[in-house]
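Common to both upcoming complexes is chain A, partnered first by chain B, then by chain C.
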Partner chain A sequence: MSRKVVVTGLGIVSALGLGVEQNIHALQNGQTGIAPIKYLQTRLRDQFVLGEVKYSNTELKSNIGIGEDELISRTSLLGILAVQEATNMADLTVDELKTCALVSGTTVGGMDLTEQIADFESEENLHEILNLHPCGDSTEKIASYLGVEGFVTTYSTACSSAANAIMMGARLIKSGRADRVIAGGTDALACFTLNGFNSLLILDSEYCRPFDRSRAGLNLGEGAGFIVLEAEDIAKPNKALAVLSGYANANDAHHQTASSPEGIGASLSMQKAMEVAGLKCADISYINAHGTGTPNNDSSEAKAIRNLFGENHPAFSSTKAFTGHTLGACGGIESVFSIMAIQNQELYAGLNFSEADEDSNIVPIDQYAKSEIKHVLSNSFGFGGNNSSLIFSKI
Partner chain B sequence: MAIYINASSMVSAQETLGTEKWPVNTVSSENSGLKVIDPVYKEYIPPAMLRRMSRLVKFSLVSAFDCLHQVEPNSIDAIITTTGLGCIDDTGVFLKQMHENGETLMNPTAFIRSTHNAVGGQIALIKGLRVPNYTYSQKETSFETGLIDAIMMIEEGEAKTILLGGFDELTPLSLNLWKQMGCLAEKELDKNGLKKASNSGVILGEGAGFFVLSTKERSSKSSKLVDIEIHRESTCDCNCLVQKFLDKHNLHSSDINLLLLGLDGTPNTKNLTTLLNSDFEKSLIAGFKHCSGSFDTDTSFALWMAHTAIQNGCIGEATYLQGDKDQEIERVLIVNSSRNNSYSFILLTRCQSSQ
Partner chain C sequence: MHILKYCFVSDAEISDGSKILFKSNDKDLKSFLKEFYKSEKLEYPKFYKMDAQCKLAFIAAEVLFRDVVREQYKNEEIAMIFANSESTLATDMSYWESTKDIASPALFVYTLPNILMGEIAIKNKIKGENYFFVSENFDAQLLHQQTEIVFQNTTTKLVVVGWVNYESETNYFAKLFLVSKSEIGLFPFTIDNINNLNK
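Here is the complex of A and B:
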């Protein structure tokens, strides 16, 4: 690595609340944010539970100070809130913000607005809404709202989008193209995704149970998670919260939407991330697993962890039983959790687990606990066989 | 670190597939848009898989595989795909189904096919490439931001040989949308129209361009990628930005043998017309959007043109705007532009060994 990359700010919005404090409080106390559907206008309202951010668009706009009538996607609103918190925590000045790069991951962009158009052929003034549809537009909106004038781009690699955005952020700094990068992801719930995952038969109508033998699918969620990355050589003294010490992406090359049974891509990305960080298996204190709660993902990920780390694998859990699966944002949200685990020297338990799979027989932690945490591995796996792993280390 | 373009492939409205030369016949643009010439898909993709693929995925995979055939496919250690709107047609199909069926009895096919990384995922799946696989979607600079990441990955030693592609499709919805905004050209666009910049709308297009970038030049057919810059919503004059870019490389306008301009015939790209009357009087100047049509990742078409112009030492007559045609093409500068005064510059040179 040419330049060391440190994390100096965190920002998060999820079903657990607005901001790091509310989110961590819920994790520490085992309170899930998943609940019956309240905000999403869907006919599936009574069939599923969701990890909704508990504010309407009007409330989010008023929180940010945007006029109620302004046409802006929920994806952008969630992103603005998280980026605002992250850049405040990092104490970035207006001038520093100006030269920052912004790399965001999203899968839906402005879909929450697009899907309200009932008929694309006959409706007029479609462009006002459809101009907000591209994934890249949500990122531009966040940049312009916060006064970010540097390099801006957007990843859309399904559920690993935000993790990949963070990797690109690291490359921008290491190559000297940027000194500071805001990286993460944002995704709002949409009927499009709810119906998509429902048609794939991978949603659980009950509360999801990551890694549990009885698990039957995932609960969708929404939110945004961003971190401020800075080159260590320019970061302000005592501002660094953690080091981004390793990262890797690998492709499963198995199936368009399913993971390989033996977790080839997952093993590869975890292994390569440790290589980049110069760490051995025994160095990892905690794995924040992708752990969606689908039979396929969790079985594949559990086997990969078991194969790579052996019987004495590190403590691991999935926080998706708290937030739901936030798709393009989950890599950002879970990076914030991973860094807070290091900051507070604590482990966040999963929820709703009672019995492990027979073949992998590995058990996630189910009790919140104080613990010595040096290196945290965070996994994000997506459709298209896209597997990403990040490693955050104690300063 | 030197980075080379070792292979290229372009599926477009012109007969650009399978050739390294500008095609003999050029299709002229129509206001209904410039659609790609359908390749013989089964020559590139297993027929059993073809049925499950959308048109965008199919023509993008053809371009990707054609490009891979020119190198050792197992040498690829990263895949980067870029698209402005992704699989927008399938997105529309799924939304329509959702509204018509009232969110019941949904068929997942269109949903699976709607993801932006569908093409990147399929390349990995069909070719068994378990390498890093990234997809960028940043509107008109999607391809450029992917190209910057490719350069960074090579510079940082994360990859040595990268397959990079840009693709977008033209759908009835996009035509309707641009028409509603009053941004669709009312008549055919020829190369003289590019310079005038007085049309009210653009000719929409589609296409897929793939490239293999590497730390090592493959043959005399390689070109060297020197630099890329993106200027987002710039307040500076385009000519001034171009001069600064050239200064950075100790070059003067007269060192550029071929200038490829992303003129689209409308006032949106009027800022580029100043380059026609500036210091580039010695350069050969060509346009491309009357041949490719405008689409978010149309810079991939320009890069294909630049790379092949270096290989052949000449450009297609249909793209010629002005300047001396007899000069050797050693350095090519692409200047593309979109709305909001955003620009991208790409500098390409001929390899030493091919001189």
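Here is the complex of A and C:
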């Protein structure tokens, strides 16, 4: 029951680039990946900016070594790239990969392909395309491409999907059901989601401004973030990058899409994650906030942080002004950032912040800085009131 | 782990394991559930905003929590683990249709399967863990394993375990269990019982 879970590999694809190095370089230098729309075919092209991965499907396929004509969703392509990097970093052998479990979170699955079907009657590849539609297909594709034959499953709990996948990975190891788990999430941009978020009136047409008083909504993004989790007792020596020490999930039980004004679910998930890790508020060095940039999320999350941690709250920021909100993948992407903050002993600042909310009056860090980092808390909150928090600790 | 209560909804029939609670001649899910809603005098206007799958889950949960002394459990001590094979396909398609004109926010909200747990959480003040899985077929082993994991790892005392699938107005199915960590209940919560308990 009490096996320690360590992180031995990281993989990431986002608007900031392919791989950990490009992503961290952009974070360190305050360069956002959000830009005018280039790849997504949408009539909203001129209205919004997006955190697109700056490669076409053809380029992604050639990068992986998949034939240009192969039918595969963008969600799968992003996932394969991130998992490949993570398992390489962890030095997993073919045999180790074979017995690995894979837990992935996603919200759109193969929607990017399905929505391009112009006419269901005349589409030649209809069945082939629709077979790629389910969320689970992207996970199956990643597993088969990497040769993973262990327990494979998919989480779909909106924007906390990847965080929940990582939490489940930890539990599979702790309870002895697995020794090694690849966990995270992947989501590609789709017109389906862009139109949907637009209809909810929570997109900002400008660059998003997490926690800033003038914030007006989020920018959508896409990408994948995966980490390799191993039981400490079987991990190779000197491979551990961090410990996954705490995790929790709670329901806000307030509204379908909005967070409670006091951030009840957010407080609960952060508090329970600290209990699991056996940590006090004062032990947390940095919070990678969910911080989408919507008036509602940031106000609710800021209040939860303020209520739970008090005036001397830890440094916090949202990296979504760099990547956009990558929905089902954000928990994976931000776990990679959280672990790199520990590895490099540094704090990643948010962007576009100038003034705090009047009522919570808490200010995110706005300057990249070297800092002593022991424990990082990463939040992911989803529609349906599904709130998750993860804690990564220094080895 | 023991099953305290269970509820099935299919073919215009609601049963709670021991008996049929409600039966309608109207096979269409929406009208049948509305009939039940009215006959039970449920006063919860949010019900009317929900999509069909959500209504299905919501009504099954109402039956499940009936006669449960809710005060025995703290809000954080109740978790939810749901699964289905359709995700939210029916609503995905209605929403997609709407985007040809103006994307409907009311439909978009229900294109996430876990929203139905959100609705049950709001009504029953449930603040514990909640997960939604999409499997190809009814997977008793997955539901059992996940419930066991939640009980082992948290202070959870009660889990609402459910399979809720809406394909069309005449083809729908809900199977919900209220599972307690304790050794007292109607039946042990086993893979066999998850599979075989029927009506």
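In this text, the second predicted complex is superposed on the first by the 387 of 395 C-alpha atoms of A that agree within 3 Å, B and C clash if a C-alpha of one lies under 4 Å from a C-alpha of the other, contacts with A are read in each partner's own complex, and residues count from 1 in each chain.
One rule holds for everything that comes next: contacts are C-beta pairs under 8 Å (C-beta built on N, C-alpha and C of every residue); 3 or more make two chains touch, one makes a residue touch a chain.
Since this is a predicted model, take the numbers as computed values, not measurements.
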With chain A superposed, do chain B and chain C clash or fit? clash
Partner chain(s) touched by A:N249 [first = chain B, second = chain C, both, neither]: both
Can A:A158 be said to touch chain B (first), chain C (second), both, or neither? both
Now for A:H127: first (chain B), second (chain C), both, or neither, which partner does it touch? first
Quick check for you: in the superposed arrangement, does A:T42 touch first (chain B), second (chain C), both or neither? first
Taking the superposition as given, does A:C191 touch the first partner, chain B, the second, chain C, both, or neither? both
On the A-aligned overlay, A:V83 touches which partner chain: chain B = first, chain C = second, or both, or neither? neither
Which partner does A:E140 contact after superposing on A: first (chain B), second (chain C), both, neither? first
Is A:C330 in contact with chain B, with chain C, with both, or with neither (first, second, both, neither)? neither
For A:F383 in the superposed arrangement: first (chain B), second (chain C), both or neither? both
Winner by number of chain A residues touched, once chain B and chain C are compared: B
Considering only the stretches 62-70, 278-286 or 314-322 of chain B, report the one that runs into chain C. 62-70
Once the two structures are superposed, pull the chain A residues common to the chain B and chain C interfaces. 107, 115, 134-136, 153-158, 164, 168, 171, 174-175, 191-192, 195-196, 198-200, 248-257, 264-265, 268, 382-386
Residues of chain B that touch chain A when the two form their complex: 79, 84-86, 91-92, 94-96, 98-99, 102-104, 106-108, 111-112, 114-118, 120-122, 124-125, 127-139, 141-142, 145, 148-149, 152-153, 155-156, 158, 173, 176-177, 180-181, 230, 232
If you look only at chain A, which of its residues touch chain B in the complex? 2, 42-44, 107, 109, 114-115, 117-121, 124-127, 130, 133-137, 139-140, 149, 151-158, 164, 168, 171-172, 174-175, 177, 191-192, 195-196, 198-200, 248-257, 264-265, 268, 382-386
Note: in the complex, chain A contacts chain C through residues 1, 107, 115, 134-136, 153-158, 164, 168, 171, 174-175, 191-192, 195-201, 248-257, 264-265, 268, 272, 382-386
Which of the residues in chain C come into contact with chain A in the complex? 75-76, 80, 87, 92, 95-96, 99, 102-105, 108-109, 111-119, 121-122, 125-136, 142, 149, 152-154
